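What follows is a set of structures to go through.
Two complexes are shown next, each including chain A; its partner changes from chain B in the first to chain C in the second.
Then we have the complex of A and B:
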């Protein structure tokens, strides 16, 4: 008797949560569905009727996609490849330099360590938007304005990856290091030959974190990149002009920019969630 | 030369070599910009004849546009904190519960908006909140028999802020839930079991076990929500297609951008930047003191 009642209660709470999460999921997906459907309809129609759940399949076609790949796509793929290039460079360089710095913080005791690590935390809690104006002027002064390096260099040792790698490295046993030193390995040799291979799992999570942030980054690129170096998000925003109507290419371009990430997410879900929530992990 | 090399390779100097990239980036791309903003905020910056003008910029800053921007940013920050902390916490508790079916599926679904960049999200929400009757929000209203509304920059003031807050909730609900979920998963199960044996109900277990034990996550989420909320800019820029009709969605950084970068008034722009920096640090410092971040456990 008792177990039966317990089971009924169990399914009741479960069903209520199932219902709640189904509603939440539907609301979460709604914007995706709307914009995805809109990518099959002419842009001026979206303009005159508004973006909604219009399921009139007879009015849908692949014209926008045809235009994106073969027609007047406003150089969409130039910016797409700019985004790829920027994402690749930023991710590789940030992972390398951040792990290098994190190793210094995690494995050594030295004067000023607490202060310097405090500065990492300070950077973590300062929005880049605040530095917009001085960075803009500084990049012009040192001649980097317009180039991708203007966006890459300030984020070379990003505070969150440094913090994350440091946590990870602190968890590694230090016995190796002394053994390696006895064997004649230099301090840098230890990092490159022993530690870097050991850090692979943390690289997966941080690679996704930095890669996602770079692919989606907007504030620094819109501020600092010249027209030919623009990334996809900056380009898409320029299409949202009050003076001209580029809605066809804007909507299909926006949808197409998300598709690669959604595919990657489907393949590497666990790493995505680990990477994107890395900041919340405390030790 | 050889001595230099052996010094460079010594265990005493090596840590400094390791952290050198951070120190360089910090000095060149953080400290220098902040220092130069502080200086510029006391100047009238005109090429060739820059002059110090004391606190004039800080005095000129307090105009109507700035006060509107300050109010908008503050309201936005408070709304997002009030929603995006308790709700994700409860959702995470449910996702962590043994009774919850299809956990993995819902976790992925909630997370999806985090994959989309702010520009694409902004474009989508701008159109969803369009003023046409066929736009999603208005068609929802129509389903309840209400008239279409001009959500963005319309006659009713709160609809603009509503759209901004909804956009923010849509983007961050899943991520914040994952933060809490990973925190909850590290709480040992037997804590809940023994509480249940002692007769603690679901609410009591939530109130007295989950909430206190995920406090580090709450502090982290609160910290990033405060600075993210006060520095919000792109979302409002996207919803208004970069036009500056009125000040309904103007934020502090939006005003900084308008004054400092569009109108090239570097002095005034810098003063706004410094104000925002101090405001963010102050609010976060108060928050960290109140939440007991500095208390030794």
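Then we have the complex of A and C:
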């Protein structure tokens, strides 16, 4: 009887579900498929015909890829490497400083704590988009303009990681700390030797999040980086210039720019979701 | 307050020092990269200045602010931000929640869909903007291609070229990009719910649908509010996708506050007015976010 019910369920609701899942997956993936197909076509075709699903095998070739790897415009991999370097530095430093600050908020009580924490959350509101102009002027004034540090420093304590880590730390039993204090461990020793190792699952979740955002970051890099320090998304944006025809490199470049982050996510997606859960994203 | 003994006093002091050290980076960064730039924004907003250090800075008082208040283009941009905000909250969050509900019901066998459906969020706004600009191209783009297929004759759908559609087309693209983020957020929310609650509901005779609507969704309340707050703030300060896709066009049809500010500051080099726009943006976002918190988030749990 049980099997009969299961079968009937499959024919009705199951078929509808299958259709729904197919539609959602199609909406999600079609743009990716279009750009992948376009990467085998001459770059100027995209300008005149747009991106579609036309499969004309006679016109498809690997010229764009050849141009990207062996063409004169070798800069792509310089910017690719810049992006890797920036993403690595930003992620490691943001995770460290955000957890450091979150520890301060989670473990100590003092006057004005709620106010200060509110100010940190205000950072979420007053983001770089609003402060573009004064940051641009400030970085020129202090001589950081053009260097990668101009982009990294303002984002060392990111609101979401601070919020998330604090939530995670509040969930940890405080007995650990008292036991360590009794054993003569200093406050900093507690943080470095006990708390940091305990925070690993939340580091995985936020590491993916910060890494993804840094890899794709656009506003601050386009504003503050000099030409030789540009990241990939800024470089791709310069290719969008309507006056020159760089579309062949742009298409393949865009395809390649997604690959590292997709690999990263595919490898760590379990940690990402598990870590978000462990952080108790209650809000 | 009770008198502290020597030992306890020393402990209290060392704890206070430790707290100060742990919070120092946050406070320092807050002052250097937040408080100072905000004050600077309001200072520059009272100047007439083209941004070059050698150029003259003329103090014009509140002139830029008066212009801003009467600037129809700015209020149009603000209206677009509000439309984007309302649509984002109404589309992305329910959709993200629905997708999360499917994936949660399916469990581990839907892991592949979890990755596939998350892909749009992994792409940079530059790439998404470029991609959709050409997908929506009238001559052979995907949408026109599909329309041609259904109409049976050559049909051109011009979504980005005309004014009211362009904004909604952009809103659709934003939804495509950000819904996966809320999906993962709600997946995490679902897995936070104790499995014993599901078992208890089943024992009490509830089916899956009753469990979702009567037990799970009410428990997701706080997550729902945080998601709304994030979406609200995100839509009001939105910049990069629009900049890469339409640059605010056609003729201001998709102009947002941030793109307007960028144009004023970095294309017209009117730093004073650009700063006034940024200041206005700051005030509007803060007020809307605070009102939202007051109205919808009754109790904060920190």
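In the analysis below, the second predicted complex is superposed on the first by the 260 of 283 C-alpha atoms of A that agree within 3 Å, B and C clash if a C-alpha of one lies under 4 Å from a C-alpha of the other, contacts with A are read in each partner's own complex, and residues count from 1 in each chain.
Rule of thumb we're sticking to: a contact is a pair of C-beta atoms (placed from the backbone, for glycine too) under 8 Å apart; a residue touches a chain by one contact, two chains touch by 3 or more.
If you're wondering where the values come from, they're calculated on a predicted model, not measured in any experiment.
Participant: Superposed on chain A, are chain B and chain C clashing or fitting side by side?
Facilitator: clash
Participant: When the two structures are overlaid on chain A, which partner does A:23 contact: first (chain B), second (chain C), both, or neither?
Facilitator: Neither partner.
Participant: Kindly classify A:114 by the partners it touches after superposition: chain B alone (first), chain C alone (second), both, or neither?
Facilitator: Second partner only, chain C.
Participant: After superposition on the shared chain, which partner residues are touched by A:49: those of chain B (first), chain C (second), both, or neither?
Facilitator: both
Participant: First (chain B), second (chain C), both or neither: which does A:198 touch?
Facilitator: A:198: touches no partner chain.
Participant: Touch test for A:92: chain B only (first), chain C only (second), both, or neither?
Facilitator: Touch partners of A:92: none, neither chain B nor chain C.
Participant: After superposition on the shared chain, which partner residues are touched by A:13: those of chain B (first), chain C (second), both, or neither?
Facilitator: Once the two structures are laid over each other on A, A:13 reaches chain B alone.
Participant: Check chain A for residues that touch chain B in one structure and chain C in the other, and list them.
Facilitator: 17, 20-21, 24-25, 28-32, 34-35, 38, 46, 48-54, 97, 100-101, 103-105, 107-108, 110, 116, 119-120, 123, 125-127, 129-135, 137-138, 153-154, 156-157, 162, 187-188, 191, 212, 215-216, 218-219, 233-234, 236-237, 240, 250, 254, 257-258, 261-262, 265, 269, 272-273, 276-277, 280-282
Participant: Which of the residues in chain C end up touching chain A in this complex?
Facilitator: 14-16, 18-19, 21-23, 25-27, 29-30, 33-34, 36-38, 40-41, 44, 51, 99, 102, 111, 113-127, 130-132, 134-142, 144-145, 176, 180, 184-185, 187-189, 191-192, 222-223, 225-226, 229-230, 233, 237-240, 244, 258, 261-262, 265-266, 271, 274-275, 278, 281-282, 285-286, 289, 301-302
Participant: Could you pull out which chain B residues touch chain A in their complex?
Facilitator: 9-12, 14-19, 21-23, 25-26, 28-30, 32-34, 36-37, 40, 91, 94-95, 97, 99-102, 106-121, 123-128, 130-136, 138-139, 170, 173-175, 178-180, 182-183, 216-217, 220-221, 223-224, 227-228, 230-231, 233-234, 238, 241-243, 253, 256-257, 260-261, 266, 269-270, 273, 276-277, 280-281, 284
Participant: What part of chain A is in contact with chain C in the complex they form?
Facilitator: 17, 20-21, 24-25, 27-32, 34-35, 38, 46, 48-54, 97, 100-101, 103-105, 107-108, 110, 114, 116-117, 119-120, 122-127, 129-135, 137-138, 153-154, 156-157, 162, 187-188, 191, 212, 215-216, 218-219, 232-234, 236-237, 240, 250, 254, 257-258, 261-262, 265-266, 269, 272-274, 276-277, 280-283
Participant: Would you mind writing out the residues of chain A in touch with chain B in their complex?
Facilitator: Within the complex, chain A contacts chain B at residues 10, 13-14, 17-18, 20-21, 24-25, 28-32, 34-35, 38, 46, 48-54, 97, 100-101, 103-105, 107-110, 113, 116, 119-120, 123, 125-127, 129-138, 153-154, 156-157, 162, 181, 186-188, 191, 212, 215-219, 223, 233-234, 236-237, 240-242, 250-251, 254, 257-258, 261-262, 265, 269, 272-273, 276-277, 279-282.
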